[in-house]
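We call the chains A, B and C, going by the order they appear; numbering starts again at 1 in every chain.
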Amino acid sequence: MADKFKAVIDEPELLKESINALSTLLTEAVFKVTKSGLELRAMDAANVAMADMKLLASAFRTFEVEKDIEIALNLSDLTSILKRSKGTDSVTLELKDNQLLVEMKGGTKRSFNLPLLDIKQDQKIPSLDFPVSIKIKTEAIEDGISDAEIVGDAVILEADPDSFVMRAEGNNRKAEVRIEKGNDLLIELKAKDHVKSIFPLDYLKKFIKAAKLCKEATLYLGNEYPMKIDFRVLDKIQLSFILAPRIESE
Amino acid sequence: MADKFKAVIDEPELLKESINALSTLLTEAVFKVTKSGLELRAMDAANVAMADMKLLASAFRTFEVEKDIEIALNLSDLTSILKRSKGTDSVTLELKDNQLLVEMKGGTKRSFNLPLLDIKQDQKIPSLDFPVSIKIKTEAIEDGISDAEIVGDAVILEADPDSFVMRAEGNNRKAEVRIEKGNDLLIELKAKDHVKSIFPLDYLKKFIKAAKLCKEATLYLGNEYPMKIDFRVLDKIQLSFILAPRIESE
Amino acid sequence: MADKFKAVIDEPELLKESINALSTLLTEAVFKVTKSGLELRAMDAANVAMADMKLLASAFRTFEVEKDIEIALNLSDLTSILKRSKGTDSVTLELKDNQLLVEMKGGTKRSFNLPLLDIKQDQKIPSLDFPVSIKIKTEAIEDGISDAEIVGDAVILEADPDSFVMRAEGNNRKAEVRIEKGNDLLIELKAKDHVKSIFPLDYLKKFIKAAKLCKEATLYLGNEYPMKIDFRVLDKIQLSFILAPRIESE
């Protein structure tokens, strides 16, 4: 007997924007479906970044699955389909005849079928210990990325107990955003020491697409260490990206 | 003595949007000017689609023509010019010195001259008998086209006494919009039997540009038969497109 | 001892939009900094157009310079940086360590460093005597340029005591904007005789970017003679462009 899965979501943006951010990183993906929701953990093709999404069952109006299953899909196909949803649609995901059926109910009833792929994935999340965490408005990160792009293709993320800095240097040029404790954009800064790591901008630009989900994110940093960025909507979605640092040539 | 023609329109959008839709299909066109208005009937270069426009004299503030004449123009030139009109302009079309003079009066007086072409056309509209007619909001057709584009380059139009369906299939994918009788978007559905034909999406995308003229259109369908779509603004404009079906390989 | 210069402006648009217009014409530029403000005079690489900008010290909240100095910069770099400023930022320009430091203070403190170039420039403004001056809303010029583009790559500017005309001709096509005295868009027209000159459209399109600074400009014309266009914001900025006429082949 075929696996059963059917879920209805009234906030299609949660699905659309998270899958859209993921699709810039991954071409195919294996979703784990359990009673607690839809999960995805995957490494990008270049082995530089990792995504970890949990779209919680509580984000859905109904979420029915009999036993834990895996659904492998082409993410760019799924994104194209989800982009056709309207904010007021309710969107149904359903397994049917070895396909994923995506139904959008609004003024009309529209449906899409997508074939399941025959791939397996079992990505472990590395155990990381971050000495610094920074809860910050996503607009500040977006500004820092756009500023840094003027100067180069990498950004230095730096923090100490009093401030968070995004900086780019190169060709005798420099761009820097410095956000001190007390700034409205900086909600919480936990740092005991000074840390500094450098990251490729193109990946950060992909991650920050998830800012469409929520206006705040939490950055986790270390010294010459990977970074993690967390986007969360309470009881609905957790979307994290982990990125390896670029080795500095300074 | 030269032919005389002068017409002034206070709703330049009628002219701009209809010519714009036509210009995606036809590079040159012969307009017939009679006391009843401006007419254009033409087949596209691929002999797949036909356009039939009547911009009625009653759409114009003044419409003066002494005897029936023909005006042949490059449609992409005419479209470029009409795009320069503003919604509040009154636009004058006038034959002068073997040119078409297009004058736009708003805050300023702006004028454009366009050479007449030396071509003839006498397109007959084929006699077609459609068993099904569907009066529908254009937004539903636009959605169906955009949905279908995700899956392929053709769309199946299907109707029966209770519903109208736009569907695309291919590569193990499917997209479908189903609109049942009673849906607000479906104003009128006249069908005795089930009909189904398949059409190339690129043409439908061109036709639907005319949705800028009016929020409703009427679709005429048959079984493995051409389609016709009608855009009408009462006493002002009638714009129809006829499209040959694609032969199904199913 | 190094030269000192520090200036703070609360209307970054003045700086951003003027430099943006200049950067379409010049890749590098030498600014003269004196107690009266920031000045730039330069000829474009093709020797066809000249720019003359004075951003007055009174446009700045503070403007400190010890002695007259020159600052040579890459204008496209400077434009990229200034585009990152927000309308509500206050922007500081400061010479530091042989670099220009650009600081933007708004919700955050963001800074950019730009290297000084080692070039000299001493452009003299030619002595020109224009028989005609036309104070006009910039939207009328923008319309005339866009209309003319449909027809060709040059525009004829023509004036007499009663009207100002922008016209393009070519390939049996014509576009013309005629603005008569008394039209609200034409604030002042001073002309004793009829004058007419032809100019390349691509340059006018660059100049008119400065319309973001102010809604009015003054055109200076002669007969088969260069043109000048002036954009002014009282006590803040004067930005002029001079353009050589195209020799007519009529």
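Heads up, the rule we're going with is that contacts are C-beta pairs under 8 Å (C-beta built on N, C-alpha and C of every residue); 3 or more make two chains touch, one makes a residue touch a chain.
The structure presented is a predicted model; accordingly, all values stated were derived computationally and were not measured.
Asks: If chain A and chain B share one sequence, what is the angle of the rotation that overlays their CA atoms, in steps of 5 degrees?
Replies: 120
Asks: If you list every residue number at the chain B and chain C contact, are more than half found on both copies (same) or fewer than half (different)?
Replies: different
Asks: I'd like the Å distance between the centres of chain B and chain C, where a centre is the mean of that chain's Cα atoms.
Replies: 44
Asks: At least two partner chains per residue is the criterion; list those residues in chain C.
Replies: Not one residue of chain C touches more than one other chain, so the list is empty.
Asks: Show which residues of chain C lie in contact with chain B when the two form their complex.
Replies: 140, 143, 146-147, 150-151, 172-180, 183-185
Asks: Would you pull the chain C residues touching chain A in the complex into a rising list?
Replies: My answer: residues 77, 80-81, 84, 99, 107-115.
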